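The two complexes that follow have subunit A in common; it is paired with subunit B in the first and with subunit C in the second.
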Partner chain A sequence: MILKGALGVLLTLVIIAAFALPITPQPQSWLEFPLIPGLEEKARIIFFHVPTAWLSVMAFLTSMVFGIRYLRKRDMLDDIRSSSAAGLGLLFCILATATGAVWAKFNWGSFWNWDPRETSIFVLLLIYGAYFSLRSAIEVEEKRATLSSVYSIIAAVTVPFFVFIMPRIMTGLHPGAKGDPDGAGPVIEFKMSPNMRVVFFASLIAFTLLFVWMFTLRVRAARLESHLQAKG
Partner chain B sequence: MQPDERYGRRWLRATSAVFLKDWHAELRTRYAINALGMFVVTTISIILFSLGGEPASPEVLAGMLWVVLFFAAMSGMSRTFVMEEERGTAMTLQLQAPASAVYFGKLLFNLVLGAGLTLLTVVLYAVLIEGFVIRSYGVFIGVVTLGSIGLAAASTIIAAIIARANTKGTLYPVLSFPILLPLLMTVINATRLASEGTSWADAGGEFQILISYIVVVVTTSYLLFEYIWKD
Partner chain C sequence: MEFLAEHQLYIVMIIVLGIWLGLYVYLFRLDGRISKLEKESRHES
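And then the complex of A and B:
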């Protein structure tokens, strides 16, 4: 209860800070963000878009880890955890894609450009889609758990290849990508001022905690559901 | 003879037996030769009709070649596993051979099938489609060979998964595409390079990616196959 309240306060503070703190060319106090050329007010997306993208990847890894645990221990609870994490991952993946596309329309001029990171989030969406269509196609619980775990592991080992493939095919548009004229390097280190960084990491932590909370809720609900089914 | 050496021989014999079983079953029905051959012919004629004599860029043509190969693999390579489930012979095979022998036997069969498919597709494609010119033959042959091996490797393990699910046909390309996308993007890029003319050194990165992709997929499949195969 206290934890939930603390998380609520933290998220509220992050959201207020992300939206309300002014962006000025010469920040005077600690409560003003510096202006980043080419991004201006649109820089605020980093406080929400990056955490969702981060969580969609983390959720996929969580799902895979519980998948591996299921294969080793054959405990149905691990399968419930694995599919719950994947469900949340799909949600955050859609959020990251949608927020990114809207932002891209205003910053790059079109909703979709096949930038390397856009391509990788698209592949992640495809994998989530394939994962859930596989699950819905199998009726026997144990078989469904085993096959979806195996599939998530295979998907996880092939995805890192994009790191090597994408730079060979095109340069990136994302702030901080190699093609960015304002200098290479991650945007987090080069362009964010200390106070932006505080808000950014606070947001990352808050959203991760939100994910953990949603995850435990989903697992509890799914467990209760399977108990009810076993009784009725 | 050492015990592990004897085990190795038995394993090799089991693998080749699984391969030969599928090979003879194929020769008896000639499904792949007839149906998949016709599939490739049909797809290439659709491309011919849709181009309508208009010249297309090498990039588009390189991509189209792999579209044909991807869907040909998707319609043919699930058969080795789906057949076992449909005929109800999967259980017998589980008792007769170790899981890894089954996996490598089926992989070998799909590799041969993939090589045949690729050869037919590439020859027809090169003969029938006018704008498709290859300037670096060596690179092109290397890319096509590695590409068809990678296609067979990823298709085999996904085929093993979908053979156990209820809807086999539609699920196969859906599950395979995200897994095959790194391979497809690399081979399409390398085919475009080969048709524009490139050296081995320039295409070296593509070959590194292809070889490591094959090694990673085959190793993971080998480690995971037992979970899929055993009930």
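And then the complex of A and C:
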């Protein structure tokens, strides 16, 4: 209850700070963000775009962990957890793609450019889209759980490659790509001022809490559903 | 109104806050309903 209240307040404050604090070339106080050349007002998207992308990675890895647990213990609850995490991962991945496309429209001129970063997230969406096609194609519960657990492990192995490696070893427009004059590290490390980092990490915590809440709700609902189905 | 016309970013902020409030209320109510169903199912078994 306290965590839910904290989440409500925290994300509300993050949204207010992300939009209401002015961006100026020479900040005079803690309540002003510095102007990042090339990003300007569009820098505000970082507070929402990066946490959604980060959470999709976390969710895919969570899906893998519960996939491994299912294969070891054969507990159907772990399969429910694994698929719930993959579902949320796909949702956050779509959100990251959508927020990235909006940003690309105003920074690069069009919603979609097939930049290495965009291509890699598109492939990731296809991989996890296929996960749900696989699940819906198998009717026998145990077989579905086993196959989708194995698939979730293989799929999660590709995640670091598509999110962290491929966009950095190829030349692209996305910040942090090969050829970026500021280096190939995460944007937060070299471009954000301390006050931007506070809002950014607060956003990361808030989004993580939101993910945990949504995840537990999905698992509880799925568990209730399987209880009701078992009763007939 | 003149203030909002000059600072259009605040309109975006209000819309985002509205979406967040809607999502929060939805999740809160869903949480309550699931808790109720869990209680009922525990009583039945």
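Quick notes
Note that in this section the second predicted complex is superposed on the first by the 214 of 232 C-alpha atoms of A that agree within 3 Å, B and C clash if a C-alpha of one lies under 4 Å from a C-alpha of the other, contacts with A are read in each partner's own complex, and residues count from 1 in each chain.
Keep in mind that, in the parts below, a residue touches a chain if its C-beta (ideal position, glycine included) is under 8 Å from a C-beta of that chain, and two chains touch if they have at least 3 such contacts.
Since we're looking at a predicted model, the values are computed, not measured.
When subunit A is checked against subunit B and against subunit C, the one touching more of its residues turns out to be B. In the superposed model, A:21 makes contact with neither subunit B nor subunit C. Residue contacts after overlaying the shared chain place A:137 against subunit B, while subunit C stays out of touching range. Contact with neither subunit B nor subunit C is seen for A:90 once the two complexes are overlaid on the shared chain. Look at A:161: by the touch rule set out above, it reaches subunit B but stays clear of subunit C. Of the two partner chains placed by superposition, only subunit B is touched by A:151; subunit C is not. Of the two partner chains placed around the shared chain by superposition, neither subunit B nor subunit C is touched by A:55. No residue of subunit A contacts both subunit B in one complex and subunit C in the other.
For subunit A in complex with subunit B, the touching residues are 71, 123, 126-127, 129-130, 133-134, 137-139, 143, 146-147, 149-151, 153-155, 157-159, 161-162, 164-165, 168-169. Here subunit A touches subunit C in the complex through residues 4, 8, 11-12, 15-16, 19-20, 41, 213-214, 217, 220-221, 224, 227-228, going by the rule given at the top. On the side of subunit C, the complex with subunit A involves touching residues 9-10, 12-13, 16-17, 20, 24, 27-28, 30-31, 34, 37-38, 41.
Against subunit A, the residues of subunit B that register as touching in their complex are 154, 157-158, 161-162, 164-167, 171, 174-175, 177-179, 181-182, 185-186, 189, 205-206, 209, 212-213, 216-217, 220-221, 224, 227-228.
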